[in-house]
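Right, I'll just put the structure down here and ask away after.
As written, the chains take the letters A, B and C, and residue 1 is the first residue of each chain.
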């Protein structure tokens, strides 16, 4: 019962924290670019404002268009709530399977793309086609990268994988380093950050994610934006879980959880700062270079897999 | 440095060597190919030094220093000079598109692993794991020689093969005896000098660095008119 | 006096000295002198070995047994006659300005360094040094092949360099694999690369590793031997290089590569106790034989044509060593000897013929026997000898090989015979009109020296009539050594 309550708390935490994370990221970026920035709370204020606004629907928008924001938000939220953030073993941890996670995200993406095409504007269709092309490359790479860890742990369940990492002695494992780099690259692509996509621009030639959202307004748009913030938090947490889980609480005691929260926030901030530095120093890739970028991530994770077999299995 | 720790370091370097072999295959610009090649040389020297330290084979230090000077500094510098003098630092044109090349490279790596696996169990050296990687690197460098059109990239491929072989020697056997090592290094040096000579001859005779042009002058001899 | 060191160091010193001599005429004389000295020393060395079964020199670094001692003398001998042939030949090339004096200096110097590499390779007891010396010999010949600096010569040299570089890299990998397993048996040092020690400990070596190592060595050294499908470099290098270089490439360098391969085969057989290595060699040999025999018919350049004949004969030897019975090994060793003699003799003749006609195209070489009877007869006799006509020794060795094949693998005798016949047909199809056809108008008078050619053919004839007892003793010994590995 206690842990069930905790599970709910975690889901709530993820949802409430997500806008703050986005705000934190943009503040850091602003600092790096010598701007003052709008402050950490700005995404919250944006969401609030959007909820208060009226929804404007295109005349021929079908039910898909209207339902999509809820589906996307729910799917992302479900994914975020099963990923262990503070506690290794939660009641839903059995469902915290990487493949299920990828499937949830794919579901969200599927509806998002449908919605992009639903209205029939040129930009929406273009965004959907780009999104689908790139995700076809990014998803196998992400699975491959997770597989490197999964093979070591003999499971694709995140909880089992975390436990495995925590219980084995610390070794220099080149395969994991490869998987980590690949995973970081994919996370950047999946959350639509620079150098793949730019969440703050609406430039026709380059936008991917934003192109699909162009026709949305009011609470629909708010949910969509919120979902993408949750997704960013989800990926960061996933990377923390898979590659540096040390500090996560193994049982549901208050002190343990508070400590785990502190460590998790610390790691989260670290990753976000790194991301901000990268986003500031890199230029956005031209669109046709994106497949190459994702291909590199795929090759890296594949190399990680091979190296795992070559160097580490027989040890 | 304890043995398992040294092994981990060597394994890590082996992984990096494999990565560099892939990177060499994927590069498009001549200068970045050269940079990766130099990085490979430096990494080799470092690996030799680590193996020397952990195995107590002090002869390997000499190999490490030789590698550092020859493969890390001298050869890249020579090639860099050639590239600058011949103005060939533009795009490297691969015969196949790079995606296909990388696919083949992955297949080759798996093949190497498959071939070498039965060998690895026979050794009790702590570096034995890198045998498979060394084999893969040798084959990948050969792939690079096959898939490139320019004479200079072929040469870099050739030298990368030598690098991988040296890695095989230090990785799998803690280094060949010093006499052989010096002999090999000497041969590589001579080969590089001859290559350098050839570049200018090819340039003067053919006015191009494409291998196809070279072969064209031989092809008519094979066929009936 | 240490004849061993004298044999080895003479070409090295000669090569260094020739690097500074500017006058091509005196350089050519010094070249002959150096090679003659090397040959004389190698004869003394052979006498020294004749008494004992094997000689170790400089601790264990060098090793002479009945398998390599006659090859050392043979190398030195062909090396010597080639220098005698090359003097007027290269003089003519200088006169028609295909080479200049600087390149003549390079030519002489590299020629001796090549000799040094060859002798070092044959005598070395260390399989690592064997590799290094083969690479050295290759590098020296690369510069020789590109000597004329024509587009075709440079392209041929480049192809030679890249393909052999790749091949020899694989051979090094094979050597590393051998060291990988032998260092577990003989300790991590030079001992683990010392062939004579490896041979005695062959059964302790891991069979899996040795098997994989042999595959790499086969492809690696096989490239150097010129086996199909790794032979692409060989016709080009032979066709575009100066003729003396073609002669030593065909007559000597290919031998060294095959020699190395067989040395490893002995180790592998001792380790795996199976015919695996032999079967691989037989496969490569048979395919190379057939492909080379058929390719012969397509050629239009005389030197390329004879280089395909070299591939064919190397294939025969590889096949024979692959069978591995004492009879087959005997045949292979004899074939190695006479092929070197006859083929270099043929290249000498061909070189002169090409100079007289001013071209290497077979279609334009006509009526040699009317114009230059010496050369015409030389080409005719040489072709008869290499095609395997009795009473020349090639007939002997091919007959022995045929018998050995019938004994062990009767079915393979059919393609073997077929290959030999096709090759013979190809040779005579081209040689007949060159010797007897209508006299060509464009023939020039050239100073020729046919003495080395006649010496080579006479020796081949002698060996065909009667093999001297000491040589047959060595052959028998070596054959026993080669077969000894199979249990």
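Assume contacts are C-beta pairs under 8 Å (C-beta built on N, C-alpha and C of every residue); 3 or more make two chains touch, one makes a residue touch a chain.
What you see is a predicted model; the values in this text were computed from it and never measured.
A.B. asks: List every chain that touches both chain A and chain B.
C.D. replies: none
A.B. asks: Nearest chain to the global Cα centroid?
C.D. replies: Most central by this criterion: B.
A.B. asks: Ranking chain pairs by contacts, what comes out on top?
C.D. replies: Looking across every pairing, the one with the most contacts is B-C.
A.B. asks: Just give me the whole-number Å value for how far the CA centre of chain A lies from that of chain B.
C.D. replies: Chain centres of chain A and chain B, defined by C-alpha means, are spaced 39 Å apart.
A.B. asks: I'd like to verify one number: the distance from the centre of chain B to the centre of chain C, where each centre is the average of its C-alpha atoms, in whole angstrom.
C.D. replies: 30
A.B. asks: Return the distance between the CA-based centres of chain A and chain C, expressed in whole Å.
C.D. replies: 66
A.B. asks: Which stretch or stretches of chain C touch chain B in the complex?
C.D. replies: Per the stated touch rule, the residues are 126, 128-129, 131-132, 135-136, 139, 142-143, 146, 149-152, 154-159, 161-162, 165-166, 169-170, 172-173, 176-177, 179-181, 183-184, 188-190, 192-193, 206, 208-209, 212, 235-236, 239, 298, 300-301, 304.
A.B. asks: Which residues of chain A touch chain B once you look at their complex with the stated criterion?
C.D. replies: Spelled out, the residues of chain A in touch with chain B are 171-175, 177-178, 292, 295-296, 299-300, 302-303, 306-307, 309-312, 314-315.
A.B. asks: Spell out the part of chain B that touches chain A in their complex, as residue ranges.
C.D. replies: Touch residues, chain B against chain A: 7-9, 11-12, 14-16, 18-19, 22, 26, 98-99, 102, 106, 109-110, 113, 120-121, 129-130, 132-133.
A.B. asks: Please give the residue numbers of chain B that touch chain C in the complex, ascending.
C.D. replies: The contact residues of chain B facing chain C are 57, 115-116, 118-119, 122-124, 131, 135, 138, 142, 145, 151, 154, 158, 161-162, 165, 168-169, 172-174, 176-177, 179-180, 183-184, 186-187, 190-191, 194-195, 198, 201-202, 205-206, 211, 214-215, 217-218, 221-222, 224.
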